[in-house]
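Have a look at this one.
By written order: A, B, C, D, E and F. Residues from 1 in each chain.
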Amino acid sequence: MTKPFKRILLTGAGGNLGRRLRERLNAFSDIVRLADVADIGPAGPGEEVVQCDLADRESVMRMCEGVDAILHFGGVSTEVEFAPIMQANLLGLVNLYEAVHKLGIRRVVFASSNHTMGMYETTELVDASMPPRPDGYYGLSKVWGESLSRFYWDRFGVETVCIRIGYCFPEPTTHRQMVTWLSLDDLVELLHRSLVTPRVGHTVTFGVSDNPGRWWDDRHARHLCFRPKDSSAQFAHKLPAGGDYPPADDLTTLHQGGPFLNMGPKYPS
Amino acid sequence: MTKPFKRILLTGAGGNLGRRLRERLNAFSDIVRLADVADIGPAGPGEEVVQCDLADRESVMRMCEGVDAILHFGGVSTEVEFAPIMQANLLGLVNLYEAVHKLGIRRVVFASSNHTMGMYETTELVDASMPPRPDGYYGLSKVWGESLSRFYWDRFGVETVCIRIGYCFPEPTTHRQMVTWLSLDDLVELLHRSLVTPRVGHTVTFGVSDNPGRWWDDRHARHLCFRPKDSSAQFAHKLPAGGDYPPADDLTTLHQGGPFLNMGPKYPS
Amino acid sequence: MTKPFKRILLTGAGGNLGRRLRERLNAFSDIVRLADVADIGPAGPGEEVVQCDLADRESVMRMCEGVDAILHFGGVSTEVEFAPIMQANLLGLVNLYEAVHKLGIRRVVFASSNHTMGMYETTELVDASMPPRPDGYYGLSKVWGESLSRFYWDRFGVETVCIRIGYCFPEPTTHRQMVTWLSLDDLVELLHRSLVTPRVGHTVTFGVSDNPGRWWDDRHARHLCFRPKDSSAQFAHKLPAGGDYPPADDLTTLHQGGPFLNMGPKYPS
Amino acid sequence: MTKPFKRILLTGAGGNLGRRLRERLNAFSDIVRLADVADIGPAGPGEEVVQCDLADRESVMRMCEGVDAILHFGGVSTEVEFAPIMQANLLGLVNLYEAVHKLGIRRVVFASSNHTMGMYETTELVDASMPPRPDGYYGLSKVWGESLSRFYWDRFGVETVCIRIGYCFPEPTTHRQMVTWLSLDDLVELLHRSLVTPRVGHTVTFGVSDNPGRWWDDRHARHLCFRPKDSSAQFAHKLPAGGDYPPADDLTTLHQGGPFLNMGPKYPS
Amino acid sequence: MTKPFKRILLTGAGGNLGRRLRERLNAFSDIVRLADVADIGPAGPGEEVVQCDLADRESVMRMCEGVDAILHFGGVSTEVEFAPIMQANLLGLVNLYEAVHKLGIRRVVFASSNHTMGMYETTELVDASMPPRPDGYYGLSKVWGESLSRFYWDRFGVETVCIRIGYCFPEPTTHRQMVTWLSLDDLVELLHRSLVTPRVGHTVTFGVSDNPGRWWDDRHARHLCFRPKDSSAQFAHKLPAGGDYPPADDLTTLHQGGPFLNMGPKYPS
Amino acid sequence: MTKPFKRILLTGAGGNLGRRLRERLNAFSDIVRLADVADIGPAGPGEEVVQCDLADRESVMRMCEGVDAILHFGGVSTEVEFAPIMQANLLGLVNLYEAVHKLGIRRVVFASSNHTMGMYETTELVDASMPPRPDGYYGLSKVWGESLSRFYWDRFGVETVCIRIGYCFPEPTTHRQMVTWLSLDDLVELLHRSLVTPRVGHTVTFGVSDNPGRWWDDRHARHLCFRPKDSSAQFAHKLPAGGDYPPADDLTTLHQGGPFLNMGPKYPS
């Protein structure tokens, strides 16, 4: 069967999500180019491997040459001090979009994060039209990526889907994870739809499965034709019964960002 | 079993949709009066046949006499030059609502069109509260019908459901048709709900099946108690794999109206 | 299995809903305290019984002592003259929240009503952000409860879920009841979710099953992780076929409040 | 010159605002009926005096007989314990609207309060479409009045203007008062417009002068044709220079209700 | 001094507004071409006169040749039977925009009307994003013009300012006219701004002076840099004192369209 | 007279706006600390001078020690290549807020820019609740500052006013500058109000005078009690008469960002 693409690029291929995605992407493309800042071992069949520091302009340009579309999962993916985030997630994104624009690449899928909106409360319904309220340096860097890609669409017509990924691990074990869980299958299908939909412009979508409760309203991304198939409901019986309310001043249950609120800049110092 | 109506009128009975609907309507009414500008052959059991030019005031009045409710599918149903649209869709609607008002008919279902909103982009989510953005003379004439029926509700209490019908053919074969597809069964059920819901006031709804992606938010019409049962997902395996993006300046994929954008007034002349 | 609570309080335990809920609540709590203004008979296993006039401040305080959470179904539950509503639903609520606040009870589930919004039209979609439009003294008293509980959250951090309950009887027999129907199972699950969700702040939700049509948009309460399992569609075949439109000036089909519109103050006098 | 009314009723004529308004109302009406629960002395020329307990149904009916329109400033006008508020502001309003409805009085101007919205933050812009967030029993009682009058408009066509009055004293001396100040002249003109505008339906408006800053957006009441003429800017030079920020946890500067937040139920007990 | 335009076209030059505008337009253009269906006499200095039936396609094309911009005040300007409205305001607009598009004319100012929104209530605040609710054939024809010009902007880049003109006569004498009054000077300035603003896209604005009350929110047209200088307040002293409320069922004071509500189709017949 | 502050800090004191503000700030504070990356000469009376590279964490900490509030005008203030913007506007802001947080400084006024929203069209009305659409690296860096300061408010209670400054030069000479002009006096008053308002939380406001036309709706910042006194109308007579429309594809008149659209990354390269 014909695949949609000749060559797509997955950055961050050595990261947690990158490793799980690696084996799934050959369905979309004849060749999958895998990039990471670290050595991720040899290429398998239908793969290419590139080692690349996102902060290195020339290296990023080479990484992007010849690809049809990019799944950008590279960069720092958790709350740490600012310096590495600046290099990989701020400068790295600038380098990436410069390459995309110069090389005429038409489509990017950007692994954004729910931490762009982590300071909204857990009783609020968040959608893509609401102003960002990040919960730390990491969330701020994802807001940067969303703004930068918006600019490249508005000004140069480069299309991007920003996916604000939820909790994408095999099994949720807390209330927050039950709400934000995204199964790997659903992520793969969302990537698929983000890649093949004829027009996406600059779309911000939430990467979350069809869980019983959701903090996110994804109506602005219906044109992606994505429907999650999995649900965290399957794990509900494993969770504690509830009724033991967290302290009234517990920030991590008051805000959508959860534990990230206690990992950010200068806290507790 | 008792049917809801004694006599309903279907206009445009000889058109594409009219012919497919003809056999389905006897479930709703003891008698189905079929009208068309052309000769549509003899009436079957439980049918009446009327030939009527919508631009002819007297003829429209006679067509409407004695009916309980109207399904108005008549008039020009595609993008053509203005003259026939003016006669059938502008003057024709004026004649129809004059008759409805004079005769005390309480309910009309008006076959409007998604081309009332065809200039919205395919990455936008459209709902009934947004201003019309038609994509040609045909779409403009449907805006006319929606405004006129709104007036008859506001001023005289005549109830209308305007259905912005999507792609109502047996099988979608393009991305646009996958998004806008409406199965005949779903259309029939939507007509049914539009006819029997006790109060509809002036309702604008989108006629679309439960497809994986939708450009239209139908929350303003939930009171119709309509739920589509079909989905274009069943046809997905027949479509090309994607990845071959249309040119950046291709209006027909940028806008919801699709091919109609190249069929309108003075283009390319 | 561990239950979420040691002791929860159900007020109005002798009322229509209270009696149906009584046997279901032991799943949530080791002890269920049942309160009513009338004598409701002896306590069963795992139950406590308290007789309490909500207008009696001291009595309410005693009723609330030692409970973890409250399901407040007490008070007048239909349209009657103002005096008893004032005592039970206005003063009663003041007494209840004073007790809740003084005793440090963290969570209340308040049986509000769709009659808080009964003057909206049946063609309108209502959500929790819209201003109240009650349809009589009863609806007004429920607006009072929603405002009072909002105050206790804003000012003192007492959490409340207000459930605007629909038609919660075994079987709907009118169009209005088809739209507003809430099955007992769905109500029980909604109570469950309202009790165990870690944070609810002040949530206003609509208590309604997954019926084909709905007048209410519950997006502001998705964080409760509630999904109705039942639907009034199962009763559709028993209803009349429709087509017999109510008179144009029939207030009870024009407004969501239905028959309550003819039961309110000074009508017809 | 002809005055708009034959007889208008001012309740609460002995209160702070009532006394200041008394001499101004004869411009609007041949006769001004002054009512209060207390003895307010003898009637002057063009005046009638009535003593009335709002909680007394018969007495309220007599008070309202023969009047063309009502300015309702009666009842409890500050934060006190609940009992008197219930009698005068809850039961009192029920009695008043019952009389209005029975007697066919067409127009009421209701002295509501900004304390209906006192729990909004001082950095938020509040308008009449937003849900009430009262800051105590007093504010709650004004929400009651707004809901009750809304019901009487929706159901019976009684027209009311609810004025959420700001700080209506001769001179503001705090930042909060600078923002919320309403001059007596502006109040009188707002009452005038509320009385003579041909149609007001149920209008909620904010009673505030043209101060440099405002927390309230009054766009929903433009049809009253009211424009404030005064401004608190004239007092700015008397205020302290600023820069001495209140403590971060000071509720009275965080919320629009100001000092009322520390006067409400059970605080600090 | 240099004028902005070489030649502008004023249609409807013989109508009520056209005659008052005629002498004012030479400030904007070296030549003012005046068109009307009737004979309007000889051209003055700096003028050209053209007689033109808007329903005549060829004639409209000739009328538009060589002009830089168009002020379209032509067509039927009040509520009459449908036939002449269809010819002048529906077909006429189609002919006009066809000519504009073919001739490459960049800017049209279209005299729309507040009767596009006449069925909104007089207690509602209307803005350009709200759906049309016309009050008769005339209002419907202006909705047609707004939709048609929207299409020509969306599809072909023809810029139009639609001015929903209020009561543009020398002196208001009713409450409705006080609210909707537009002075001639303000109209002229609004036309000026509509012509010279570098970009207007498709702008819908309300033509109304700075009156004490307004039903219309014009925030979507601030980019025109128009500020009214006149106000109906100057006439307030001449109006009756008020207090004599219209009957509760008087449609002309309930709705913004005023007397037009009783002039429309089939009323009272 | 007592001044509001003991010591305020102005960064970017050597820049265009910094130099003009320098002499005006002594009205607000006993001591004005002036900082710049360049040598700005000796301190005058009531001044302190600090030389500081914003990218140097220790240096920024020292710059902020002992100040009551900060006016942050430092960093790169126009569209240049990314490297210096990253150092001064991204890392520089991180350093600044780290210092502010550690030192317990309560209030920052941040010189943001209208270029955060430069890709909105000139026919759109922009407000603070709309998502950012920057027009280049510079605009992106200001979005960064707004997001970062939002985080410091949400998470740590540091108050910031972000002023999206318009065209702040002595005299506007183009249509765009007429719309976006901000007089120095108005800027000074806006800074004053931003400093002394007791509570500002995280406020985003537009810095623009009371010009005849505005692209920006500042309703979300009314609590600052700022009213511009100047208007670009005084310069209108100096501008060309208009009528000479820019080319249809001219990005700089289509978008609010104006000439910045042609100064950004990789254009035309």
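Just so we're on the same page, a contact is a pair of C-beta atoms (placed from the backbone, for glycine too) under 8 Å apart; a residue touches a chain by one contact, two chains touch by 3 or more.
To keep track of the chains, here are their UniProt names: A, B, C, D, E, F = NAD-dependent epimerase/dehydratase family protein.
All values reported here derive from a predicted model rather than from experimental measurement.
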Common contacts of subunit B and subunit C? A
Using the stated contact rule, I'd like to know whether A-F or D-F comes out ahead in C-beta pair count. A-F
Please state the rotation angle, between 0 and 180 degrees and to the nearest 5, that superposes the Cα atoms of subunit D on subunit E. 120
When the centre of a chain is set as the mean of its C-alpha atoms, what distance in Å lies between subunit A and subunit C? 41
Express in whole angstrom the distance between the two chain centres, defined as the mean CA positions of subunit C and subunit E. 52
Roughly how far is subunit B from subunit E, going centre to centre by Cα mean, in whole Å? 32
Which pairs of chains touch each other in this structure? A-B, A-C, A-F, B-C, B-E, C-D, D-E, D-F, E-F
The subunit D residues in contact with subunit C across the complex are 82, 86, 90-91, 94, 97-98, 101-102, 119, 128-137, 139-140, 143-144, 147-148, 150-151, 154-156, 261, 264-267, 269
Subunit B - residues contacting subunit C, complex: 1-5, 28, 68-69, 106-107, 157, 193, 195-201, 203, 219-220, 222-227
If you look only at subunit D, which of its residues touch subunit F in the complex? 121-125, 175, 178-179, 211-215, 217, 240-246, 248, 253-254
